[in-house]
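Two complexes come next, and they have one chain in common, chain A, joined by chain B in the first and chain C in the second.
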Partner chain A sequence: MARSSTFARVYFPLTLLVGAAGLGLTLCVLYHALIVLDPHMPDGSFAIFAPPETPQANPMKLYDSYRIFFVHLPCALTTALMSMVMAAAGVLYLISRHRRWDALLMAAVEVGAVTCLLTMVTGYIWGDFAWGKGWTWEPRLTSTLILWLSFIALMMIRGAVEDERKKRMFSAVYGLATVPLYPLVSRSIEMFGRMSHPESLESLLRVNEISELSAVAKPALILFFLFFLMVRYWQLRLAGNIRELR
Partner chain B sequence: MISMIQASMMALGLLFSPGELGPSERDAELPHQPLSAQEIPATDPSLERKYSDKFEQRVREESAKAGESIDTLYYGMVAVLVGVFGIAVHALIAARRQDQALARLASPQGAK
Partner chain C sequence: MIRTLDLLIRREAAIERRTLGWLASMGLLGVLGVIVLGLGFSPEPSGDVKSALSVAGLWLVFLFAGSVGMSRTFAQERESGALDGVMLLPIDPALLYLAKVMTGMVSLLLALAGMAAAAHIFMHLEVALVFGRLLPLFALAALGYVAAGTVIAAMTSSLRGRDALLAIALFPIVVPLFVLATSASRDVLLGTSLEAVWEELIMLAAFDALYLALGMLSFGKVLEA
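Then we have the complex of A and B:
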């Protein structure tokens, strides 16, 4: 009888635990965000400044639209996290040349592409309500699009390389080359100036219940996406093992 | 470096929004004479308040209607999240089976 692997003993229950915790917390956050929180709060409670090009000088009221922040912010944070994992896995692969880092890098790229897309879609929906324009070519939005395209580009280019070793080496170098992209997204407003996107949403959400729920929403959704990272990592590692056996 | 990034962003913006490069044909036909200070009507504060109140009322009515669709949205999102989670768990179980099969193949008994 073969000895059970680390995957079966440790990784499998751990992944399930992370997934169950992430799903449970995410469902709680959604329940509070959509059902419990009252959308009719006192005027100006959750005000946010209008983009400079709009004629109204007063802060605009968000009404129901603030609910989308509980998804938008955690998705943006997960994208940042995946970007960091991608860079770290690239460095570790170049140092050790072990396939596990390549699997981690690709899992981070896939999850990052999904969360980045979700960030842009939720941002578009909110922008359409708040600014009357879902998409504007302003620094924060454009740099996020560039980051998403970099994720997609790696997946596409990787598919075009046949040699496994070259594929892994290319991905690691590419992962390192994209290191400046996330700082570009997060510091784009400081570097190029603010146009529409606020620098920080949290400082503008002036209601305690919203800030508290936002603080729970971030770890909840990050855990949920971490579960997908773990699942994809093991799928990719096993696929690599099978290829090697052949 | 920063100016290069800025220039590439601008180029990307121009590439995807060619309509913003210059005035369209329709705009070119319109007279572009700015209004003088005398021609701009003075804003009436009571009128502004009236329209602001009306807008507020309209939003509250729309919000009440949206309340029902928010319930539907919540249950829809629960269904999607649980569904996606189920698919991922299924993939994880399949990966465990694969891993066990690989472990059997790698063991001395399996190799025989």
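Then we have the complex of A and C:
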């Protein structure tokens, strides 16, 4: 009972608040990004569209395609955040063996898998405009795909284990084992050199309107996905409580 | 501690001698993989293309053969209950992990040597001539692979469909090692000196240290679960 009352008094309103703020801000960002935003683009703003090796598909179409970055970049940041939550929850579970950390780990894995997929899909769409092909075997794209596969692998391992304690332990250890992938994803361009993926959006962010909207888009979408993390966390915790009662 | 580690390594070596878990499965699968790869190269590509394709193919064969070896070794120990017996002893599971990693690495290197010889004979790839220069690279890649694989194999050995699960769970994790090892070994095969791939070797060593630390911390917990 104590748990459900904490849920009713604190967690439920907090989740609703995060959800409302995330959804509201995300809708505002999307409205501005797709309809309102019409900045003056000085020369050089599209420097990021000129990959060193691949030809551009259709320069006429490039102008508006930057708008997808308002979704692509926050999704990539959320994936990084979820990976860190996953590793931290894994460590905390191994130390305390408390089910709450396992629920948080799994919620982070599920949300991370979705945001990672969204990052790749939005990147594919932009790449199709900018490079003439959505997918290239370049370090940032490949390492992101590998990270996504590790999320899926963790879910598969979990699905194959029947014993609940074993399931939690294996998830925590596997979550930790994916930590070496983070430097590979985040430092891939420094490690293997830039091929197609832009190193930063610096040339675009010099345009004031874009940099201002980008500063709002990141927290907005992160809050939006945080809402799903919170909902899923409580779903998993309650499911665990029900299993225990049975 | 050294004495315990020594005894555990002897135990692993004895298991390996009796069952040929790693060597038989990996060596044979590795050589077969190289032969299939060689058959696929028809007409035989030339120069840099051949080196790049062969190196990628060899590492792929190594990846699959290694996972089969790891899965087999753990499955035998789990089925016979030998692992439960060892866990009853008052020893640090980290030492058991280190013993498994060391013996696994030696077996993997021997299998790699066999694959290199097969690649030299069947694919006319001059791996054997530069084997000395490739050895540090092979050793670091094998160490990281076994360090990560031992923990994952311990996890999946008691599950249904363990072989497929091991491959699915292990491959994404060890990708950093194989990305570095493939590019560095291709450069070495094309005539680059070992000093030129120094950066890759340092990064491989760093990943190895990370996998080893994670493995030593978590191996006992995985076996207990």
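Before moving on, here are some points about what is shown:
Throughout what follows, the second predicted complex is superposed on the first by the 219 of 246 C-alpha atoms of A that agree within 3 Å, B and C clash if a C-alpha of one lies under 4 Å from a C-alpha of the other, contacts with A are read in each partner's own complex, and residues count from 1 in each chain.
Definition applied: a contact is a pair of C-beta atoms (placed from the backbone, for glycine too) under 8 Å apart; a residue touches a chain by one contact, two chains touch by 3 or more.
Here the structure is a predicted model, which means the values were calculated and not measured.
Of the two partner chains, chain C is the only one touched by A:M169; chain B is not.
Of the two partner chains placed by superposition, only chain C is touched by A:V161; chain B is not. By the document's definition of touching, of the two partners only chain B reaches A:T15; chain C does not.
Looking at the shared chain after the overlay, A:A153 reaches chain C, while chain B stays out of its contact range. Contact with both chain B and chain C is seen for A:L184 once the two complexes are overlaid on the shared chain. Shared-chain residue A:G127: touches no atom of chain B or chain C.
Of the two partner chains, chain C is the only one that A:L94 touches; chain B does not reach it.
Residue by residue along chain A, chain B and chain C are tallied for touches, and B comes out ahead. After overlaying the two complexes on the shared chain, residue contacts for A:F227 are found with chain B alone; chain C is out of touch. Shared-chain residue A:N241: touches chain B; no touch with chain C.
Overlap of the chain B and chain C interfaces on chain A: residues 139, 142-143, 146, 184, 191-192. Residues 94, 139, 142-143, 146-147, 149-150, 153-154, 156-157, 160-161, 163, 165-166, 169-170, 173-174, 176-181, 183-184, 191-192 of chain A are the ones that touch chain C when the two sit in their complex. Chain B contributes residues 2, 5-6, 9, 12-13, 16-17, 59-60, 63, 66-67, 70-71, 73-74, 77-78, 81-82, 85, 88-89, 91-92, 95-96, 98-100, 102-107, 109-110 to its touches with chain A in the complex.
The touching residues of chain A, when paired with chain B in their complex, are 1-5, 7-8, 12, 15-16, 19, 23, 26-27, 30-31, 34-35, 39-40, 63-64, 67, 137, 139, 142-143, 146, 184, 191-192, 224, 227-228, 231, 234-235, 238, 241-242, 245. Against chain A, in their complex, chain C makes its touches with residues 148, 151-152, 155-156, 158-161, 165, 168-169, 171-173, 175-176, 179, 183, 203, 207, 210-211, 214, 217-218, 221-222, 224-225.
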